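Pasting the structures in now, so scroll down.
One chain, chain A, appears in both complexes that follow, with chain B as partner in the first and chain C in the second.
Then we have the complex of A and B:
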């Protein structure tokens, strides 16, 4: 679809090095349009990505010279209780947050897909935690959970359920469940809305047929709803798992990783390592994430391919 | 679903919905309530209902703490990031959807991949690169960094929108003598306006809310964005919850309104991108 005078006329034939046929001019234009974003992403994502892998093998400090030290940072990390704790905590946090959001997401989406009044209103209400900035959500949850001035302790004490303040954020047993709860509260709307949108595209005839076959509600959900929305469920799990694994605000703002590493996760540990100016170590912490994401992406890719 | 809903089912549905509404609204209510409470009342007379409602926290925040400067910084960064990101990604999305050339699908996949790259992996090498480019502690440095998450997703979403617009309209315009640029500018852009709005709102909101990069790269108080300024209120020995919540409410309200105005498009876009991508 390029300019006809460029491609066919005799002038084009004499055009020297700029003599382009239709396909070439289309390609050139395509690359020109792509150039800004490719340059940006190459500088700010692709290069840093490989650079992170490289500096994780050095003993670089901010402003200092880098020396190759092989697996030194990784060997050092494996012996660090901080690092071991952060691996365990990240797995625990992501697993429970995702599991609860999956169950809640499917349940609430099914509920909203029933013939209820004011569906748009309920849908809008559910979006509230998601529409609010993450840092606001987690600061608010910290406020709810603190002993002095926090709502939950006030309610528990007023109801006579406890005698002294419950240390939701500074006791080893409760800190992680508190962070999980807040993360679920902030994250579940995305799952509900995505699942609901998918459920509404399921043809009504399928449910009619299932009802005629005598399928009960659970059977209809398992055999009609779930297979029809499987694709969206997988995409949401993938995207959300990456978000949750990366989530810095929840832990940093609510507990700072404490008490004594009980909630320390990968991104927060990487942040602290950077603050202590050990870039090589910090990079090793975050590069250690890579295999996790690679496996994750691979699983999802295989599942999606089987789907097709 | 098709069979008639019984009364007991209805009661169950609405009970669950009301419980859900409580779980969602209570934290938001408490946040607003605390922001309207005097600091001494927060500790001395804890309550679930407002006591001595006052705007003092908001006045302190804006008058004594110059919160306007933080809001201005956030506005500059979010607006600039949105403009640059939408410009670059609409060009890229047009190219990837409408033009045919070597490695096209490969480049498209790479852009999607950059979106999935963990920011926790990026911030360490970026701190070195940004220092080398002399962009640390600047607002435009932050704008560049925000392109890392805004541009790939915007491209992905806009590709979904552009695919949904019949190519025949542009072909017609070109047969009528228009250039490719005119077809893009006069036909495709206006027709995909809802998509452009959604992508702009998404980018603006994400940049406005961003915390980690702003915390790392901005060191001088005068350049702090809203989330960083508020987080610094927490780090003191005394938690000034009234002040903190006044800041939280002031920063959440504008983007939440924006989000609601555009959420229809955003969710549609995500779904379209997810299915078509």
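Then we have the complex of A and C:
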């Protein structure tokens, strides 16, 4: 059988030992350019990802040997009241934070898209909470909300609205709303800026036509603005949902997951597991959320594909 | 790194002095001691462990079980001999069966000792000037002296922080036990635990705790006391150092005493701060690290260090330091180091108990009652189950 000659001929002279046509050559060149980032992704994202899944099925302690224990960590977690509470709290936190940020984001973005005075100033100002380091933001919120010396309690008592301290962070009823409020404050600028950027791409002619048709402001928002930016809205919701689900600082710095387990969320639960060096158990807490994230990531991918 | 900048600086200078003397390049990295577990865990996994480091006994227990620490029995003996011997508490703490008979850290101070602070300027006018002998007396004194919302009596954390594990000490003072003598079976479900919970949740219901104690962070008691919001706190000494420098009026109004007793026994926990050498350190650097530990243990330096730190003595020779005979808080720390109850007495100090404490199960058992309105029986049953699950995991 004749062997392919990989080293001779005009292509070989131009392209080395491998015979490639123009398209293949460009394709190969593309892969070569992509290779470094693929290697980086594989090293920094894919390997830790699968490693975390692997150790969640082991009893590994930090620095120790891993022994396969099947679903042992998951079964142990499921039996813990804290795990059930963390599922419930994470869902509540994410749902309300996203809902409020959506309403605020759309409302403020719409306002900032109007020709109001000092518009650039307001647009810059709105970014401040997001620009602030998370730990500074949440420590500040904690200092505002604490009973002793907290600004909110001082104001409420001075105004005579209450006659004793309000336990914003240490009462079961108010702890989660307080964390939600702080999380919304820190995160809503991202939504505003994203929606504002999307709104600025909506052709003005659509609004002019709507006005000619007699549409009022609400009708223009509902029938022109919202359909035009819906993909951005969905992507922002999904991305932010993943961020909020994984957010650690808000809960840990403000309540430590308490009082009792009223604000205990997945990341804080994983942190506590890691304190006793039980990395297998901590990984199981994180991996337990994987199916949810997988579905969200799939939705994002589909939406982006449609957008393309 | 501890609360005292002066003590931190003294250690850095001393290590650098040793490096210059030996011709060794040293790099001292100071980390917040509350982050030791995270930082060292990351270093182990990344293979970037330091050649020597400071750690607590609980962490040493966990690390020794995975072979991360070198045994230092010879150095322990050598330093002890050079300084008149170790205090009995140090020997007892390091004798934990989970260490397997080896010494995995060189104590440099007795730690974990809480001193009771009380506002005598408020308590004296209501006839409660004397140091309370029991926890129940603290509640009585608090009720007499407090004036909410200006100030409350019992400034003890009931949240998910290490300070709140003082409630485990209280529980033991009532005769309650976390586990049996074998350290394998959880024994929380007992009449003693019920009696303790009835007392502490009763005090909470009576409004003797400042608002917010169920979510205080590690500085909650410090803030409450220094802002005049709490009449009693239990603190190792950081508050003393702060008010000594910044608030002479509050210092004047404060009296210090040892932790009180409960109805069953008097528990004053003493643990130790250790210096350890990772298993990954080379033989040559191990010898250098041992030399450094001996250098750091010298009395001349330790006297300077202890006067700025918030620890009790670990060695006999340290009992002679002026600070342990002059400073009211340090006198209390030295007394506790000498007469306190080592480790987790009466419970067995093992990895399961360390995880129980890391998960803050005692304060959370209290939170379940005062926050979630669970009955005492239900809260005990739930905590007993969670506790037993931890012990079972470690006994597999």
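Operating definition for what follows: the second predicted complex is superposed on the first by the 259 of 308 C-alpha atoms of A that agree within 3 Å, B and C clash if a C-alpha of one lies under 4 Å from a C-alpha of the other, contacts with A are read in each partner's own complex, and residues count from 1 in each chain.
Heads up, the rule we're going with is that a residue touches a chain if its C-beta (ideal position, glycine included) is under 8 Å from a C-beta of that chain, and two chains touch if they have at least 3 such contacts.
Small disclaimer: the values here were computed from a predicted structure and weren't measured.
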Fit or clash - chain C, chain B, common chain A: clash
Touched partner set for A:262, first chain B, second chain C, both or neither: second
Partner chain in contact with A:170 - chain B first, chain C second, else both or neither: second
Of chain C and chain B, partner touching more chain A residues: B
Chain B versus chain C as contact partner of A:21, first or second or both or neither: neither
Chain B versus chain C as contact partner of A:149, first or second or both or neither: both
Which of chain B and chain C A:81 touches, first, second, both or neither: second
First (chain B), second (chain C), both or neither touched by A:216: neither
Chain B versus chain C as contact partner of A:111, first or second or both or neither: first
First, second, both or neither for A:274, with chain B first and chain C second: both
Clash-bearing segment of chain B, relative to chain C, as chosen among 128-136, 146-154 or 164-172: 128-136
Chain B/chain C common contact set on chain A: 62, 142, 146, 148-149, 253, 274, 279
Partner chain B, residues of chain A touching it in the complex: 1-3, 23, 26-27, 29-31, 33-34, 36-38, 40-41, 43-49, 51-52, 55, 60, 62, 108, 111, 113-116, 122, 124-129, 131-137, 139-144, 146, 148-149, 151, 154-155, 185, 193-194, 197-198, 204, 207-208, 211, 220, 231-232, 235-236, 242, 245-246, 248-249, 253, 266-267, 270-271, 274, 279, 282-283, 286-287, 289-290, 293, 297
Chain C residues touching chain A - in the complex, by the definition given at the top: 37-38, 41, 44-45, 62-63, 65-68, 148-149, 159-161, 210-215, 217, 223-224, 227, 229, 351, 354-355, 358-359, 364, 367-368, 371-372, 382, 386, 389, 393, 396
Touching residues on chain B, where the partner in the complex is chain A: 1-3, 5, 9, 13-14, 16-17, 20-21, 23-28, 30-31, 34, 42-43, 46-48, 87-89, 91-92, 94-96, 99-102, 104, 107, 110-111, 114, 116-129, 131, 144-145, 147-148, 151-152, 155, 171, 174, 179-180, 205, 208-209, 211-212, 216, 227, 230-231, 234, 239, 241, 244-245, 248, 251-252, 255-256, 259-260, 263, 267-268, 270-271, 274-275
Complex contact set, residues of chain A against chain C: 59, 61-64, 76, 79-82, 142, 146-149, 157, 164-165, 167, 169-172, 175, 253-262, 272, 274-279
